[in-house]
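Shared between the two complexes below is subunit A, which has subunit B as its partner in the first and subunit C in the second.
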Partner chain A sequence: MFIRGVGRTKFGVLREQIPQLMYEAILNAKKDAKISVEDIDACIVSNFFGGTIDNQSHLNSLIASLLPGFDKQSIRVESACASGGAAFNLATKLLNNYENVLVVGVEKMTNRDVSTVTDALASAADLRLEQDNGLTYPAAYALIASEYFDKYGVTHEALDRISLKNHENANKNPLAHFYHKKVTLNEIKESPVVCSPLRLFDCSPISDGAAAVILSATKSSERDVEILSSEMAVDTLSITQREDIIKMKATEKASKMAFNKASIKPNDISLAEIHDCFTINELVSLESIGFCKFGKASDLNTSITGEFPVNTDGGLKADGHPIGATGVAQITELVTQLRGEAGDRQVKKRAYGLAHNIGGSGGSAVVTILKGNIYV
Partner chain B sequence: MFECSNCHRKWNHEIKECIYCDGNIVENKLSDFKVLYSSEVLSGSKKHNAPYFLLLADNGNEKKLIKRGSDVARGTHIIQDYHHNENIIVGVIGSGKMGIGIAALLIDNWFKTIVKTRDNNKKDTIRESLYSILSKSNDHDNTGKKIQLLKITTDFNDLAPCGLVIECVSEDKEIKRKVLEKVSQTTQCTIASNTSSIPISYLSPKGAENRTIGLHFFNPVNKMKLVEVVKTDSTPDRLIKDALYFCERLGKKPIVVHDSPGFIVNRLLMVQLKEAIKMVEEGIASKEEIDEAIKLGLNHVMGPFQIISLIGEDVVKDILETLDTQRLEE
Partner chain C sequence: MFIRGVGRTKFGVLREQIPQLMYEAILNAKKDAKISVEDIDACIVSNFFGGTIDNQSHLNSLIASLLPGFDKQSIRVESACASGGAAFNLATKLLNNYENVLVVGVEKMTNRDVSTVTDALASAADLRLEQDNGLTYPAAYALIASEYFDKYGVTHEALDRISLKNHENANKNPLAHFYHKKVTLNEIKESPVVCSPLRLFDCSPISDGAAAVILSATKSSERDVEILSSEMAVDTLSITQREDIIKMKATEKASKMAFNKASIKPNDISLAEIHDCFTINELVSLESIGFCKFGKASDLNTSITGEFPVNTDGGLKADGHPIGATGVAQITELVTQLRGEAGDRQVKKRAYGLAHNIGGSGGSAVVTILKGNIYV
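Right, the complex of A and B next:
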């Protein structure tokens, strides 16, 4: 299984609507893959709340309007913030039947008040156990952060450093939401509290955007990147039903399966895209995947020039988090890095890349491992 | 409709580049849609209040269109999509609060709009206020496109190409009569008065009675859903149907009312306002207490004195005088 082409739009506050965003991402992926539309055998669209917020569902059918003449299998996948990862995962399964599969993830989130978006996002949480009792996602991750600080004696300063690192990476990514925004550590530390202990700079922004990937069963060029594994697992919908809220069971399970299938170990990975919807989640996830011991993630050197670069595109924090597009955009970043085409933000080692995409507070998780073309 | 000039594939969505070939994308403005079928929708939804008609039209060339509309026969020509109202020119006379509000609503819904004002020096101010209203609900590109639909004039003769002229000058019987008389001489189209209380039969210019109606918008025009569509004994049914359709296209809820002073809303409102003023004069309660009581006791959004200050004391006075004169005449 190979990734033949990737493409995306800028992430941020954009004037384009869902159809234009999807079209631009598909167009860019198609050009990158050097494939004709007629050779695409199936399509998977990933989107979280087009139905809730814009009353626009059934985006799998929209594909036929965007690609006149396309009349083959097309599916829409929703797994909250892991929609993109889940769509990609499903596409790898479809490669048993098809030669080329297109995955496109999209979300239109801006242009409405924040409370509407917060409610729509909260629909990924358990209705009776969580939503009805006031749980929003910033609040859920605030509880996770509180327990993490308490258990491991880590302070908020660790989160500030993640935020700063991801913003600095975004400054090297022209398509990132915060490409132009220069951020200082002081600004991060003094930003307003959203849900204590989390501050504004601990939270990913509300962004519009789309990303697309074209997967192929066979290799067609030297630029193609091999997919070693893509695995998905779930955990209980509500954090109230979990034994330990800072150990992400779905992430642990998906990671274990992905490493087994790829026949490599965590320390073989050169770079990772981690689901940092909130800064605390970058730490918790790195540990649940197995990159370090629990409580020790803040000791890792994860900058682009560091030992183990994480979220080189700026992550969800600063690249942006247009929900349905996020998991697909992680793959586009890994492919760009593994090909050695990442320009200013290019990492040195590019043997294997890992993408980690989760839904809600970890109720679903997808872990994908890609193999670089060049072994360094 | 967007089309690739090379491979001729077509898109409904605005795209910039063909995904199949390197052809240029051109935007085709389609016209000449004719109604194929219609359905009278009697059970509506939250977004679309019933009853209304849903029309399926086509242009005989692959392209179909779904539209809300009025009860029209199969084969009727309808105006098409996207910038769907650009083909109709609407004149607005007066640049006060209502004139500007109605002009903004029209332009926002892609109607070519001609605002007629008395003062040549006011042209820039009118354009600026409309631009600022539009920019609140449109992005930069659309505001720019929409403001191009606006023309401002001081000459009644410039209203000749209009399909509809809406008069919004001050609520003074004689001024309104003179203005409508002038419009009837310079146009052949439907003439509407935005009067809030004066009977349309009194205002209708001689010889133009069958093309004069009342279209009473409420202040603030962009927020208030209601339009009172006033018909007289001379108003043909066809004109009322067109007026209802027109109001719906502006996103309003039209209600038809027979010509009479104050129509529905102001006839009832003025009784309430008058009694409220009397109560203050008699020392029964203060303005603030009356406002609070009405809001809490009748579940109104505003009290009578808040309404007076919203409408303007001068306008309320004019309406009360119109209603009183009418009563004396009776």
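Right, the complex of A and C next:
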């Protein structure tokens, strides 16, 4: 299994609507893959809440309007914030049936006010156990952060450093939501509290954007990047039903399966894209994947020039988090890095890359491992 | 590929909410399949607008809450009114990877007023080209009916007979939305106009319900029903972009592929479940699938005791149309008939069954062909 081409749009507050965003990302991926419409055998669209925010569902049919001549199997997949990862994961399974599969993830989040969008985001949580009790996502991750701080004696300083690193990475990514925004540690520390202990700079932004990836069963060019594994697992929808809210069971399970299938270990990974919807989740997820012991993730050197670069594109925090596009954009970043085409933000080691994408507070998780072209 | 078990809930205006509906359908399918949770390798949830109507997305994660012990790949699929068919179709593709796949379709439609639901249903149509111009679904299918009447000289009488037949079939299906409702031809003819030429009895109702199917790669019992093919195709999202609005291109393409793969012809089919969201669509679809020449579908004898029974469960018209469940329920009816377990509504010939499920005004279509256990 290989990735033949990738493409995306700028992330941010954009004028373009869903069809334009999808079209731009697909066009970029098609150019990169050097593939014609006739050679695409199936399509998977990832989108979270186009039906709620824009009253536009059925985006899998829209593909036939965007790509004249395409009339084959096309479906839309949703798994909350893991929609993009789930779509990519599903595409890898379909490579048993097809030669080339197009995955496109899209989200238009800025057409409505923040309160409407926060409500719609909460639809990824359990209606009766969470939403009806006011547990929006900043609140859920605030509970996770509090528990983490209590258990391991880690302080908010660790989250500030993640936020700063991801913003610095985004400053090297022209397509990032916060490419032009220079951020200081002081600004982060003094940012308003959203839900204690989480502050504004602990939260990913509300972004528009799209990303596309074209997968192939066989290799067609030296630029193709091999997919070693992509695995998905689920956990209870509500965090109230879990024994331990800072060990992500779906992430643990998907990671174990992905490493087994790829026949490599966590310390073989050169760089990772980790689901930092809130800064605390970068720490918790690094630990649940197995990159370090529980409580120790803040000791890792995860800058681009560090031992183990994480979220080189700026992550959800600073690249942006257009829900349906996020998991697909993680793959575009890994491919760009593994090909050695990441310019200012290029990492040095590029043996293996890992992408980690979760839905809700961890109710679904996808872990994908890609192999680099060159071991440096 | 085989269907090992099926199950569903009553369709109608129900007190149960999404989780209860899903649970009941899954439990019934699990009992029918005699399978334990540990043996289910993956799950696909079909749902159209839980996010919009109930602010409940991420139903694939909910599976882990409903079925303690299940933590494997689980995704939600949406393709408007073809969501159920698309989920089933996808499950057949995943049987290259897994032994047993659970498909569950669900929709809760009666929690909100009819106008809100009509708006939400319109999200399956193109936002700019259709919705912004007021083209709701009754209006789109009224255009299709007008064009059909004009072209072939067929009158509304043909639609009345479809409505009557489907209501009579539903009277033999205890789980149907209109099981207890006795309908006369006069009542149908005199029912209020919804969008000319379509009257109330041309429109499928707003129903709650769920249906589940368990597919297996290999045969495990004599009651298993073989899946010969399941194919999906798409067409432009908007009917304004189509050359001919009464020939359904996605249906034509999916049908051709499905018949090719099954190595049988339309006149080999003993019974069919056809997507009659509006009565006119039963005619148009029968023709696009290839069961007769264009303009001639109303000449077919499609009653349960007729030459070619169609919609033996009452169809979307009278069994009900809980969007995400519909395409899955079509499969449960075919399996029940092909096993010879349909009681009062049992058809005589049961060589091959066909299910046809479309999204929107035909922007997506799924056609599935099953093989009966006994050729009579």
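Here, the second predicted complex is superposed on the first by the 376 of 376 C-alpha atoms of A that agree within 3 Å, B and C clash if a C-alpha of one lies under 4 Å from a C-alpha of the other, contacts with A are read in each partner's own complex, and residues count from 1 in each chain.
The criterion applied here is as follows: contacts are C-beta pairs under 8 Å (C-beta built on N, C-alpha and C of every residue); 3 or more make two chains touch, one makes a residue touch a chain.
Note that this is a predicted model, so its numbers are computed, not measured.
Contacts of A:Lys93 after superposition on the shared chain: subunit C is touched, whereas subunit B is not. In the superposition on chain A, contact is made by A:Gln20 with subunit B only, not with subunit C. Once the two complexes are laid over each other on the shared chain, residue contacts for A:Phe48 go to subunit C alone; subunit B is not touched.
Touch criterion met: A:Ser65 reaches subunit B and subunit C at once. Legend: residue contacts after superposition of the two complexes on their common chain; A:Val37 is shown touching subunit B, with no touch to subunit C. After overlaying the two complexes on the shared chain, residue contacts for A:Ser146 are found with neither subunit B nor subunit C.
Within the superposed three-chain arrangement, the count of touched residues of subunit A is higher for C, of the candidates subunit B and subunit C. Shared interface residues of subunit A (contacting subunit B in one complex, subunit C in the other): 65. For subunit A in complex with subunit B, the residues that touch the partner chain are 15, 19-20, 23, 26-27, 30, 36-37, 65-69.
On subunit B, the positions that touch subunit A within their shared complex are 9-15, 17, 19-20, 139, 141.
Taken in their complex, subunit C has these residues touching subunit A: 18, 48-52, 54-58, 60-65, 70-80, 86, 89-90, 93-94, 96-97, 119-120, 122-127, 131, 231-238, 241, 249-250, 253, 359-360, 363-364.
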